[in-house]
């Protein structure tokens, strides 16, 4: 067992490194608050927009708050929104997409047209609607972004299912009298998983960025709580004075997304038995 | 011309390399036809892929060389390899459906193959493609050119593959089971075509087949493989008259002989010392209630009345679709516990008929009475209870296996679907089924792509039998199996028939198999049943000209092959 | 032949009807959303920097017809829209259709330029990664793509501006010149925004291409193509890519659709006077007729793109075509 | 130098050019190039006679008599008393949407004894009237134009200003060109001005830096320094607008003046300035009356100080020793509003007031402001006019107790009284005293907590001369100085 683990580590350094990154990120999400070297909410008007120094390793933001501390406690809402939204979108979107491709014709017509309608509804309007109804915060943000990405998953799942549904093993399932549930979960899903995994990894990144995009409507994480997306969004204004401000969260985000992507790719390859043994 | 020296191939697995082929040696000279026979899964396809330099990514050549005109293929770079392939050395793949690009028309694919190596215009290439299709006896070449692979029958696809392979008159042809889906008349035509090339340009042909009759008729020399080893090489005559190895001997013994009606077919067994020999096993269960299968008093299990199924095809991309009747007012009936053999030329509608019976689509007209109930018009929900009793082995086994499921999952699927047994019961059942079709227990954890053609076919058979359904439709279910495994499977089918009162609709182009297993036989031509009666009567005294022609074309051992003297 | 024309007409008719109903649903939805949202166009119009009198507010409101019940406003709007009259902007009475017609082509142009750039970069990148799965090249390409995904467009855009305009002075930092006035200048100004948008999209396309290519590369027919002696390049570009195209086309279609209303940041940042800017501005100002008009335009475009994508599906995969007919 | 084209980067596109509606600074900037009023504010911040050559006010402050100069509209017709009458009546009409309809509503009658004389009669004395007439929204337009196009919001505007309207490419730019018949000799200097709309502040700054434009308004605070140091650019900066907190005086703790004072003591203004405005501002520890404006007094300017202990004591006295929770309304749409709120939140946390931020978009924020749906809010604004009556807008209780610019439900009879008196008192010294008393009372009641004067800057290329950022509240009317602007 251990030798095999070692073997994996040697043959898949990127994969192992990515797992490590994700593990660290998760740990930080849990313990970030304790690790923070400074009070992440403490304003220091005398030290705004500073670059790295001995006391502030990553520098400070426009309020003189310690960037490292804020990055650390910003992970949790970021991850919650990104993963939560992705899960919502993936679960509902994929099922809708499959139903839209495999279901009865009237049902698929309804579903796909509804998906079109949702897609043609710009995010900003949906976000505004949400602002009208809910308090802003992690939960509503997660739901809104999740709902926003449902149609994307639906489309991807739909097209992939259309392709799979034409293959002969689907006829075999049919001939065996497989229930819809079985067809969906054992025949279709595993065979369309790879585009879905890709879409999911894309969604994670997009959700984090969208979060910062929606904050100007008042749907973001409520300040002074930080999140990576919000930090990147704010930092944009300070590119000239404090480039590090934008670089740190972007770098962390890129690293995390990269890790998620590598793991996602690997997952995709593992799920494809034809590629597994190499 | 082609020389394989000491070739060994292994597969990378979790537990290190697993040897698949060991120390294979053979040579083929110009104008020579070398037969390669052997047990299903013995490494024939892998060997030929190695010759082409097309091994799957998880396979490695551990030793040996493949010399084509003295050049080692295994050392060539991709560019040089590419120049050889197709033009100099061509291959006909075992699974034609899977080997055609699903989204290009067959015509485009043939034209492409031609133009890859010959500088000819599109129209000229097209002309040539049509000629080729005519040569392989495709009935309506124009339509086949326009059709996508999924719109053709299994045998038609196979012939498209063959046409493509011979398009550039390659000097070496590797034909891997080129006639598995072809009826005997077409098979004859195709073999003639290959032989023609062989004579015309002195092509060297490596013919992989399990059909010893074919080998006998066309091969000059034969290599026999058994579980990865070459165990014998001899001229055809020597092999059949005087096989040296015990396996070859057993193989020849196991052949079903036309006319000879036996209850059991001989199979090859291996004793504790590793010696193999042919035995005729006793039935597992003595038939106690041997009800006359074709008793007129017994209500038929399945009765088909005036069944019609058409495909609508567009003659041109924007044209109005025209009707193509694949099944034309077919009426049949099968008594319980009996076997109906369905034979007919390739593309005559056998698979379409069986799919209609399975209600994979709604027939256009007619009735399908199963146990007296018309299932032709049932809704999906109403069909469900019947699905427990109907099972099918698809003609294209690889395609019908979900690539993302292990063999265990695939085989137990019917049990899972109908909630049969606990997990451990199912596991035992899967193990039993795999054993019965001659697959090792280790197969359970593998995925379909890790198997040979014959092995995949057996997985499909095991799955179909999992629930002991009442009616099993076998669409060319044993076409890719060597005689011994084929015998084993056929014996199994018979045993099960006795034990569980199974009924079979058995589609095959191998008349000796049909003769052996069927109680009644239907002969189909161009969508219609042209002759229908008891097996004995038809084989002894065929009435229709078409049936007679079929019977005449069966390659048999002992009959001398035509034009052998020329080689 | 006649029958096929009739069939085609029927099909077109059905599609049009569907599109119409979709637009109707969207219109209704937007109408409801706009009225549920907090905000008041009149206050924004009159009270930009000062305290308008309540009388002025009331007078403005009644002049704009905003004092009518919502339902009657809706039906009046709908009735007019059915006659292709989408009303006038609340802010200045300028016809909505003129606004939309002038801004729509600009967004379309930007979106198409971006998607073309993204496809030209993304597809080859994805293929390259797929062909060398697990290799260093794959890792590097994946990382580059990931950075493309996770660097927000405004940061990329800002960097492009800093470098190409402010530092090198090669390209204008922002703006729009009508193509009829100066085509060269027009395309110079299109370059940076299209690049900024395109890069991020390229990354997603590359990821999807890689995955989809891998799926197909494992199929047996690829082996058969190699046996024909076809060059690897041709196998990849002609056969594998086309077989793998459906998910790729899907994601490109999705992105193109998204761009219709989603180029906001880039349009704002490069002062590209497109539809997204118009829409966001209208939403911010609660300019209901303008939101409605812009949204309907976006939705209509969207439907067109979807039809296109579906058409492409069936062109790409004959097996899907069979299901449809 | 004479001639040339000026590219003026504006922070937004005007919703409308209707001369009676205050549709924001960009609209005013453009209209100030096209239109002139009887009087306007000049570059020095003082009233300057424009279409009116002179005017006099009767001692009871009930009649205003204007003598018109010889000026022409862009269509060539002379500016007559009829045009003035029509323009003012358009504002005061019953169905008018004019922003300052209320203020000008005191004009009871308009007499035109001759073509060059206009006499306004008021229903009650109203000293600040002349200042309201100086606003860009009181521009004089031709009577004929009002008759033909008065109701058409898209009509081509015609005024008597230095530039005439040329083209408006929606979403992109608006162009005006030199009016040769302008009544000021030798003005304007420029041939035409292109007002290019840059809603995004970073883009606007980049456009200036890459010399796509010659002037930009609303320089973001964070970019001010980089413009100052750029050798090709200069920064025209002034203070004028201020940031403050508005309270809902129905909300329990904020109903008490002590609590509001405690808030004022608790906020270190430097925090707000340094964080939300990059240090570009001046703290206000009193009432936001610009130096030089009536009511300003040095000793009251630092009535409050940053003093946590005092703040805590006041809170305790009001009965909230441990603080309380309150919703702070601001907007996420504008960074400086957003950041002010965050800074205030952090400062108030020190005395136990937990502010929960509510950050809708601007439109939502305005709606909530107007509905009184807040506990307290962040506002950034300026007075409308240079006359102390601007304070009424903020402090007067009266009929409408929930307005954009007042603290909701705040209604102090003493303050109302003083404001009433201030409007009708003509004598400057007397008026000064009244507003002095007003300031005392306002500080005591503290319905607003003032935070800071924020810098308001234009960025210019070095070769742009003559453009002035008018100090104080009038910075938003600086657009009038394009008539003096030259390019070198």
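In this document, chain identifiers A, B, C and D correspond to the written order of the chains, with residue numbering beginning at 1 in each.
Just so it is clear, contacts are C-beta pairs under 8 Å (C-beta built on N, C-alpha and C of every residue); 3 or more make two chains touch, one makes a residue touch a chain.
Going by UniProt, the chains are A = Glutathione transport system permease protein GsiD; B = Glutathione transporter ATP-binding protein.
Since this is a predicted model, take the numbers as computed values, not measurements.
Novice: For chain C and chain D, which third chains touch each of them?
Specialist: In this structure, the chains that contact chain D and also chain C are A.
Novice: Minimal path length between chain B and chain C through chains that touch?
Specialist: 1
Novice: Between chain A and chain D, what distance separates the C-alpha centroids? Give it in angstrom.
Specialist: For chain A versus chain D, the centre distance works out to 45 Å.
Novice: When the C-alpha atoms of chain B and chain D are each averaged to a single point, how far apart are the two points in Å?
Specialist: Taking the mean C-alpha position of each chain, the two centres sit 88 Å apart.
Novice: Taking each chain's centre as the mean of its CA atoms, how far is chain A from chain B in angstrom?
Specialist: 48
Novice: So, what's the distance in Å between the C-alpha centres of chain C and chain A?
Specialist: 21
Novice: Two or more other chains touching the same residue: where does that happen in chain B?
Specialist: Residue numbers touching two or more other chains: 150, 449.
Novice: Hey, what residues on chain A touch two or more of the other chains?
Specialist: Residue numbers touching two or more other chains: 128, 131, 166, 236, 272, 274, 278.
Novice: Could you say which residues in chain D touch two or more other chains, in rising order?
Specialist: Residues 202, 333, 360-361, 364 of chain D each touch two or more of the other chains.
Novice: On the basis of the stated criterion, which chains touch which? Give every pair.
Specialist: All chain pairs meeting the touch criterion are A-B, A-C, A-D, B-C, C-D.
Novice: Where on chain A is chain B touching in the complex?
Specialist: Per the stated touch rule, the residues are 4, 166-169, 171-179, 182, 186-187, 190-191, 271-274, 277-278.
Novice: Chain C touches which residues of chain A in the complex?
Specialist: Contacts found on chain A: 12, 14, 113, 116-117, 119-126, 128-129, 131-133, 152, 155-156, 158-160, 162-163, 165-166, 194-195, 197-199, 201-202, 205-206, 208-209, 212-213, 232-233, 236, 239, 246, 250, 253-254, 256-258, 261-262, 265, 268-269, 272, 274-275, 278.
Novice: Inside the complex, what are the residues of chain A that reach chain D?
Specialist: Residues of chain A touching chain D: 41-43, 45-46, 48, 62-64, 128, 131, 136, 215-218, 220, 222-224, 234, 236-238, 240-241.
Novice: Which residues of chain C touch chain D in their complex?
Specialist: Listed in rising order, the residues are 37-40, 43-56, 59-60, 63, 91-94, 98-99, 102-103, 158, 161, 165-166, 169, 172-176, 268-271, 273, 277-278, 281, 284-286.
Novice: In their complex, what parts of chain C are in touch with chain A?
Specialist: 18, 21-22, 25-26, 29-30, 33, 36-38, 133-134, 139, 142-143, 145-147, 149-152, 154-155, 158, 162, 204, 207-208, 210-212, 214-215, 218, 246-247, 249-251, 253-254, 257-258, 260-262, 264-265, 276, 279-280, 283, 291, 295, 298-299, 302-303, 306, 313, 317, 319-320, 322-323
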